[in-house]
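Structures incoming, each one as structure tokens.
Each of the next two complexes has chain A plus one other chain: chain B in the first, chain C in the second.
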Partner chain A sequence: MTEKNTSGEKIPAKQRLKEIAEKVTREAWEAKKRGEKIGWCASNFPQEITTTMGIPVVYPENHAAAVGAKGGGQRMCEYAESMGYSSDLCSYSCINFAFTDIGECQELNIPLPDFLLCCNNICNCMIKWYENLAFKLDIPLLLIDIPRLSNFTCDDDRIRYIRAQFDDCILKLQEITGKTWDEEKFKKVMDISLRSSKAWLKAVDYAKYVPSPYSGFDIFNNMAVACVARGTEEAAEAFEQLAEEYEANVKNGITTFKGEEKYRVLFEGIACWAYLGFTYRTLRDFGINITSTIYGPAFSFLYQNVDELMAAYSYVPNCNCFEREVELRVKDAIAKKVDGAIIHMNRSCKNWSGKLYELERQLRLQAGIPTVVFDGDQCDPRAFSEAQFITRIKALIEIMEENRRKKEELNE
Partner chain B sequence: MNRIASLLADFQAIAADPKKQLEKYLSAGKKVVGCMLYFCPEELVTAAGMVPFGLWGAEMIVTNAKSYFPSFTCSILQTILELGIKGEYDGISAVMVPLLCDSLKSMDPNWRYGVKKKIPVIPVTHAQNRKTRAGIEFTTLQYQGIRRQLEELSGRAITDEDIAAAVKEYNRHRAMMRRFSAAAGRHPELVSLPARNAVFKSS
Partner chain C sequence: MVVKKIYTMGIDIGSTTSKTVIMLNKKEIVGQAVIPVGTGTSGPLRSIEAALKSAGIAREEVSFTVATGYGRNSIRQAQLKLSELSCHAKGAVWLYPPVRTVIDIGGQDIKVMSISEDGKLQNFVMNDKCAAGTGRFLEVMARVLEARLSDLGELDARAKNYVEISSTCTVFAESEVISRLSQGADICDLVAGIHRSVAVRVAALANRLGVVEPVFITGGVSLNSGVIRALEAELGVRVWTDARANLAGAIGAALSARP
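Presenting the complex of A and B:
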């Protein structure tokens, strides 16, 4: 279904997605004002639980990213450091520590939580971050522990352990919020979440066309809903519309990439939110479009039953075994016909960055593409250098050009 | 030299040269399993008739490990990997890597690709919801898997009696270490901080 505005014009999917993301925070504020209990939630916590129970939550990671993108990252990180937190910590956590202490933020405000929902499938830093909040705010913390996979697939032992925690979490949330669990609604939420995930993946996959019908930075802008609201009908519809729009772009030979797509790249890692505009303009001006990121599969939870749902939360990036992480990238890089890869050595994220050099070698080896690494941070601008970024991009272009020349020579 | 000073010197010598201690075990025909920080189930290694050997890195310049870990990774892990790549741990039958922190999670692939198959990795996963029935069951299953891997490495079955004996031995050892820590704290004039560190490191 395509929504229309008051003038009867079709509302673009991009705008619908932005409004859905804003609605999540707005609804949490409204619930808080009504006296309902609201939570703070880790980005890859099983949203099926909160959506089924109708529990309003906001996402500190998304909030921190928004604060970073709006220019508040350094101020908030420095505030956290003045409280005694190390600058070596994740900048999302530092922004959140600062926000919790100050209670407000000029870039974006979110309601303070009555309980915390933590999940460590993205990193173990999440646990310490949320334990710290629970201690400071004296509120309950519910953790769903999803152990990193040591093998390629999630085994029955893990599924049983995660499922027991899932059930335990529901019981505790019923006690905390007074809301109830409805098995039928849960099945419906699972169906809608699957629909959203498939639509999101379908939309992202249109980058396989040359030129891509969209700018890779659209992914960074649109992915928030895949994280915070994929269990809702409106999210599923908006993602389906997004896929339709990209399909139409392919048919009509148009793209949202503002420039000539000379090179197609895989971007590895979280965006540098504080330098989103700079990195976007730099790549655009060089004619580089991001056609491959891990964010497609990262927020596509594909499952057919409850056990598969449990396993799906083990298959998120940073929880996978290394070989599965490599396979995801290599397959996507080949499908999206990339000429090279740009790798963000993100100072914040020890889990992601700790294996990036080997991932880089495997990408070169298995996908046959050149790669460059640049230093940065997801939200702290002090770890990023504009000059280094440009130098690395120029180096990548030189190699991609040379590869193209050699390929053309072979074809002649 | 009095008896305390003499004993502390022995601990200091062992702590200062782990390589020598490792060679001593290997030349005695013992199998050794490296244990990275923290909380490896050393009792299972002992129960398998092998020697659990703590890996704590070294004060050194890191070169090879920089091809795997970024410079802002914990120095203990960087130097453990450096020593592994350089062959300083050659002869060890396996290394146990507990996946308790984000950098340790990367140690698993970095060791496998850096040191390669000459020293295999045994990942150690602990449930973080450790006091629930499901958490206890999950950790138990993980330990059972490690038990099977250690049995393969040692070439002998680990009986429940072996484990009970190892647990008893470790309880005695840890009780002794707690006693030492308390006594050393009361007598800084006899046991300096570096000396106390050497006692713990050598253990």
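Presenting the complex of A and C:
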């Protein structure tokens, strides 16, 4: 269904997605005012639980990213450091610690939580982050422990382990919030979540066309809903509309990328939210479009039944075994016809950054593309240098240009 | 047939030095200058003037100018601006055609570049934001040791052993050197230890990319024979250089002039 505004004009999917993301925070505020219990939730916690039970949650990672993108990252990180937290910690956690202590933030406010939902499938440090919050705020913490996969696929033992925690979490949430579990509604939420995930993946996949019908930075802007609301009907519809819009762009030969798409790259890692505008403009001005990234599509979960749902939460980027991580990137890089890779050595994320040198080597070997690593941070602007970023990108362009020239020579 | 004289200028504005090279018909260097201050200073202009003077030509006689290095965008007269990676690779290939791996140690950066058989830049790795192992690191250490930067190679040659420098941070390494000095460590052994710490860091970077011989070193630090010895020991391969390797970026820039 296509939403229309009061003038009868079609509302673009991008706008709808922005409104859905804002609505999640707004509804949490309204619930808090009504006296309902609201939670803070890790980004890859199984949202099927909270959506089925109608429990409002907000996402500290998304909040920190928004604060970072709006320029508050350094201020909040420095505040956290003045509280005694190390500058080596994840900047998302530092922003969140500062916010929890101050109780407000000029960039964006979220309601304080009554309970915490943590899942360590993306990051083990997150357990300490949430334990710290639970201690400081004296509120319950529910953890679903999903260990990193040692094999390519999630086996039955792991599925049983995750499912037992899933079921236990539901019982505890019923006690904390007074809300009930409805199996029929759960099935419906699973169906809708699958619809959203498929539509989001379908939209992202249109980057396989040359030129891509969209700018890679659209993924960073649109992905929030895949994280915070993919179990809702309106999210599924908005993502389906987004896929339709990209399909139409392909047919009409248009794109949201501003300028000529001279080079197509894989972007590895979380965006530098504090420098989102700068990195966007720099790449755009050089004619570089991001056509491959696993960060955005990571917030899609494909499953047909409850056991597969459990397994799906093991297949998030930082939970996969390394071989699967490499395969994901190499396949995507080839499918999206990239000329090179830009790799973000994210000072915040030790889990993600620790594997990047080997991942870089594998990308060079298996995808046959030149790569460049730059230093940065997801939210702390102090870890990024504009001049160093430009130098590395410029050198990558010169190699991509030379590779293209050689390819053309061979074809002639 | 009279061959027309075409002068091209390559300017490499780094973080600590400004280098300019003038080439005749992209065949020979006819003018060069190195000014020991870099981007944001009077260095770039002074290096251009000094190079023109050494070439004995007027600015108007230069048909094409290419700028590279961190300060490349500040050079208004440059018709082309290129990354220092491409320029160093090109300059290294000109100085030493068989090269397959280029190590460039500049003021703030360490770059390791793999060169294809046909002399083109294939891939590269660079140090992260930490300045350990760079030219600036050596400058700081030389100051602590009351030695001239240009004497480090000779002091290293007289070392009987090396003093272990374990800190990677420049500031911490400085404290470590001071403390070793106060313990009476031999200055030559200290210099050898400093060079070894540079070499270990550079070798780790080079091994990440994959070392293919022959290896050639460029950048200001290429003038330091102690670092080259330490690098050869760490990498287990011969490291080649050239007396003009500190100008490789500027040479590569001059060679990149169009047409």
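Following the convention adopted for this analysis, the second predicted complex is superposed on the first by the 410 of 412 C-alpha atoms of A that agree within 3 Å, B and C clash if a C-alpha of one lies under 4 Å from a C-alpha of the other, contacts with A are read in each partner's own complex, and residues count from 1 in each chain.
Note that in this section a residue touches a chain if its C-beta (ideal position, glycine included) is under 8 Å from a C-beta of that chain, and two chains touch if they have at least 3 such contacts.
Remember, it's a predicted structure, so these values are computed and weren't measured experimentally.
Asks: Between chain B and chain C, whom does A:370 touch in the aligned arrangement: first, second, both, or neither?
Replies: second
Asks: Tell me which touches more residues of chain A here: chain C or chain B.
Replies: Per-residue touch count on chain A favours B.
Asks: Could you say whether A:351 touches chain B, chain C, both of them, or neither, answering first, second, both or neither?
Replies: In the superposed model, A:351 contacts chain B only, not chain C.
Asks: Quick one: is A:12 in contact with chain B, with chain C, with both, or with neither? Answer first, second, both or neither.
Replies: Neither: A:12 stays clear of chain B and chain C.
Asks: Thinking of the overlay built on chain A, is A:391 touched by chain B (first), by chain C (second), by both, or by neither?
Replies: second
Asks: Just to be sure I read the superposition right, which of the two partners does A:259 touch: chain B = first, chain C = second, or both, or neither?
Replies: Neither partner.
Asks: One more residue to check, A:402. First (chain B), second (chain C), both or neither?
Replies: After superposition on chain A, A:402 lies in contact with chain C alone.
Asks: With both complexes overlaid on chain A, does A:148 touch chain B (first), chain C (second), both or neither?
Replies: It touches chain B, and chain C stays clear.
Asks: Per the contact definition in the header, classify A:140: touching chain B only (first), chain C only (second), both, or neither.
Replies: Touch status of A:140: no partner.
Asks: Counting contacts the way the document defines them, which residues of chain A are shared by the two interfaces, the one with chain B and the one with chain C?
Replies: 345, 357, 361.
Asks: Spell out the part of chain C that touches chain A in their complex, as residue ranges.
Replies: Spelled out, the residues of chain C in touch with chain A are 70, 82-86, 120-126, 128-129, 208.
Asks: For the complex, which residues does chain A have touching chain B?
Replies: 88, 120, 123-125, 127, 143, 145, 147-148, 150, 157-158, 160-161, 164-165, 168, 318, 322, 345, 347, 349-351, 353-358, 361
Asks: Show me the residue ranges of chain B that touch chain A in the complex, using the header's touch definition.
Replies: 67-70, 72-73, 99-103, 105-110, 112-114, 123, 125, 127-129, 132-135, 137-138, 141-142
Asks: For chain A, which residues count as touching chain C in their complex?
Replies: Going by the criterion above, the answer is residues 345, 357, 361, 364, 370-373, 375, 383, 385, 387-388, 391-392, 394-395, 397-399, 402.
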